[in-house]
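Chain naming follows the written order as A, B, C and D, and within any one chain the residues start at number 1.
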Amino acid sequence: MSDYSPTEMLVVAMSRAFRDGEVIVMGAVPAVPLAACRLAKALHAPGLTYIVGGSGTVNPTAFPSSSCDPSLATGVVALPLTDVVLLEGRGDILDVFCAGGLQIDAHGNCNLTAVGDWARPDLRGPGSVGLPFLPATRRSVIYTATHNPKTLVERVDFVSGPGHPREAGDRRPYQQEGPSLVVTPMANLGFDPESHRMRLQSVHPGHTEPEVRDATGFDLGSGYPVAATTPPSDRELNLLREIMA
Amino acid sequence: MSDYSPTEMLVVAMSRAFRDGEVIVMGAVPAVPLAACRLAKALHAPGLTYIVGGSGTVNPTAFPSSSCDPSLATGVVALPLTDVVLLEGRGDILDVFCAGGLQIDAHGNCNLTAVGDWARPDLRGPGSVGLPFLPATRRSVIYTATHNPKTLVERVDFVSGPGHPREAGDRRPYQQEGPSLVVTPMANLGFDPESHRMRLQSVHPGHTEPEVRDATGFDLGSGYPVAATTPPSDRELNLLREIMA
Amino acid sequence: MTPRFLSASEAVAELIEPGLSLGVGGMHSTAAPMAVVEAVVRSRIEIGMLVTSPSTSIQADLPIAAGLVRQILSPYVGFEHLGLAPAFRRAAEAGELEILECDEGSMTHALYAGAGGLPFIPCPPGVELTDVPGANPAYYRRTVDPFDGIEKVVVPAVRPDVSVIACLEADHDGNVAFGRFPFTDRLLALAGRKLIVQVERVVDRITPGESLPAFLIAAIVVAPGGCRPTASPGLYPADEDGLRAWIRAARTPEGAAAYIEALS
Amino acid sequence: MTPRFLSASEAVAELIEPGLSLGVGGMHSTAAPMAVVEAVVRSRIEIGMLVTSPSTSIQADLPIAAGLVRQILSPYVGFEHLGLAPAFRRAAEAGELEILECDEGSMTHALYAGAGGLPFIPCPPGVELTDVPGANPAYYRRTVDPFDGIEKVVVPAVRPDVSVIACLEADHDGNVAFGRFPFTDRLLALAGRKLIVQVERVVDRITPGESLPAFLIAAIVVAPGGCRPTASPGLYPADEDGLRAWIRAARTPEGAAAYIEALS
């Protein structure tokens, strides 16, 4: 087994969550979901479709840092950004929205707008961009490179991207699954089907359950099984390194 | 002076109404306004812009029968039809809408939808298409190849394209001039600035004022001067025949 | 999801259930998906609501002549310089067709709303001065503009159950290139709950330019010449003799029936 | 109407009056009209409302750093993988910038409404579940959907007084070719009451593809390299060192001021 970086584990874990035939959409800073999509498509999901927001390119083989990089124009097909915006609102065509935030909370809400009071924030983020479209996608996969109590909080200070309903009566406009997975460098996390609160799914190699719980700013609950994440295989790693080269 | 056809007189009369720098838009069956635009641009309005609806082509030199003919793709620039639709609603960018109808009434309303009762019409036309955009264009130029009392009526059976207000209090969404000219094979007609009713402007060569009044299904009023339309010049005719060849 | 490559008859049988709303592309007599439209007519599938481009011709007149159209939402049915649409005209004058009167602007915006999940959409000013809203009060309604407090005319989002458009070519993965002005066919395609694309040919790599990705498409129908008698830009112009033949035949119900019979 | 070929400073002086709303194109760090933006900053023209693409970077951060932006309507100001926008962040955290909080969907639709004369436009579902409308209640309002009787979130049409976008090239008549993905710059161009297009070069005949006709354009600014440090697709990539130099400089007001001083 090769050595691998936390980012490689993150990408591999994310790629395993994509199912054959799904249509994935990602926005700014696409590196992690783009690598995960390409890996999934090469390995277990040949029918995967992935759209890099900004440029609207479908299934690009370029690997740029920016979602609007001119190198993306080499894709076979691109949707105009205005069409991507339309489809994001349709509610029946996109399967997975890859989301993140300055804060992610116990119900899977994402905050990319402001930490602290919105009017005088402690940290102003870029803004909500496409995150309000989350409830119009069948499910969302949330990822963060920073698993710590400042990022994973009980309740976000500002909801940019809606997660699961906090109250049983909260209505959603479409019949969607909501956030299905949160991937971090330490663990995979899912959601309790009853309470819709985040809970541990599997701990990545090199980390322990108590360590993950300590790094999380809310109670992950207990009384459920927690697995060990299967480490990246040589095949996954080799392919991933080709993709990210 | 050459002989010329009623259609040639119609096109020449229309072309003279276009002023340098204006932006003209036309829809289905573009032959007459398209020829008139090209003639105007060649003669007195070099800065004219004309847009053939359907295809959205700007200043095409093709001369097709259909507004969507593939030959229009040879224009330097085309606006997507969806952009043409947007601009038609903007109210501040298009100068002249070239309109027509099964019926045209004393206030310049056009009916391309239904003659008789809408639910059981005597004559069903194609529909209103873009005519409801007329009030969002600075002015409209109306034309018809059939100057008779069935076409030129006191009041249209169905308003597809709005003309001037019938009542003084009728509001218009934009500050526009409304219909400025009606061109027929017999005459040019304008509108009384007070009553907004159609009246004679000039009678084409070969026709007389009483003949035009007889061919019109409403009272054209009196007590104002009526000119004789200047016949097409050789230069106009030669150019026009090149354009329509 | 990858589109399936089906014959016109298969696509119609598998995707278009009787009574559905059907969006049919092509503008005037250019790029109408006639192979699929004729398959609908041959299969005698009733269309609950026929939704068209802002201007349509034989792609609407043919199914109307076949008695298959319950309602039509279209701002223009006709043949431009060739004349009025004979079947549409006859059905309308006989009161045998439910015409959902509409206009180009509101219809285009309604498709935009349908494509984007917008529940409804306001019209640009102008249509309230016409008789169009009064002829279709279920579609043209009013609501308060909360920015100036004044009522404005709005229309609902339009989402055909199935949209059918004609493009130039598909690759083997099912991506398609328009190879032409898209008119409103992009919006019609995006607004449809399912999408059938008729193409002239299959190629290894589609022409750069306006395209649609495979994941949006349920079925691709390869039909060379399948836009005739309308034009397929770059390949063949509109067959005006063919269009005139329809207009002549459809002047009578018997003539239209004979024309339709000959399609089989 | 034909566009005038002006220098960036001339275009700014003649078309952008202090206090106007200004729409600035370019998406993330691609195709930002920096020559014109820098001319605005050099001329110290106050921008009443800065309207951006759904995602913007230095084309917004620079005028904010110069203290010229009263209000900003933007769903994203940042530098993607390079980090947060330093001037935007500092101004926001100090409460010195009026942020009209918005999101990508409603903003794109608001530009569509502005381009088309639609008075307002409903949002697709989703945004009502966020804190965005509450942060900008003047923009996100509600009205009754007359088709189901339920209140929906709507936003007003957005029409910048002047829009500025960057394209690849113009011909001598003033027609321009994008030469790139248009992102939302077509809508921004169509929504603007006046339009300035910055181009890299003038050619005899523009490249086929996405284009805008001369009659829509008030002024063309020929500025080779004028998108730097952002990318001009086909000609040069984003200058990441240049973007990083801004991010570093703008960490302090003094650093930003020195950077801006050096523009003159």
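Basically, a residue touches a chain if its C-beta (ideal position, glycine included) is under 8 Å from a C-beta of that chain, and two chains touch if they have at least 3 such contacts.
Keep in mind the model is a prediction, meaning the values are calculated, not measured.
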Intersection of contact partners for chain C and chain D: A, B
Pair of chains joined by more contacts [C-beta pairs], A-C or A-D: A-D
Separation of mean Cα positions, chain C and chain B [Å, integer]: 28
Approximate Å spacing (C-alpha centroids) for the pair chain B, chain D: 38
Multi-chain contact residues (two or more partners), chain D: 105, 109, 112, 116-118, 124-125, 186
Where chain A touches two or more other chains, by residue: 78, 85, 89-91, 136
Chains that touch, pairwise: A-C, A-D, B-C, B-D, C-D
Contact footprint of chain D on chain B as seen in their complex: 21, 23, 47, 49, 58-59, 76-79, 83, 85-87, 89-93, 136
Contacting residues of chain D [partner chain C, same complex]: 105, 109, 112-113, 116-125, 141-148, 152, 154, 156, 209
Chain C-touching residues of chain B, taken from the complex the two chains share: 28-29, 31, 54-56, 65-71, 73, 78, 80-82, 85, 88-91, 113-114, 118-136, 158-162, 170, 172-174
Interfacial residue positions of chain C with respect to chain B in the complex: 27-30, 54-55, 74-78, 80-81, 84-85, 88-89, 92-95, 101-106, 108-109, 112, 124-132, 135, 180-184, 186-187, 231, 233-234, 237-238
Chain C - residues contacting chain A, complex: 1-2, 112, 115-118, 171, 173, 175, 186, 190, 193, 205-206, 211-216
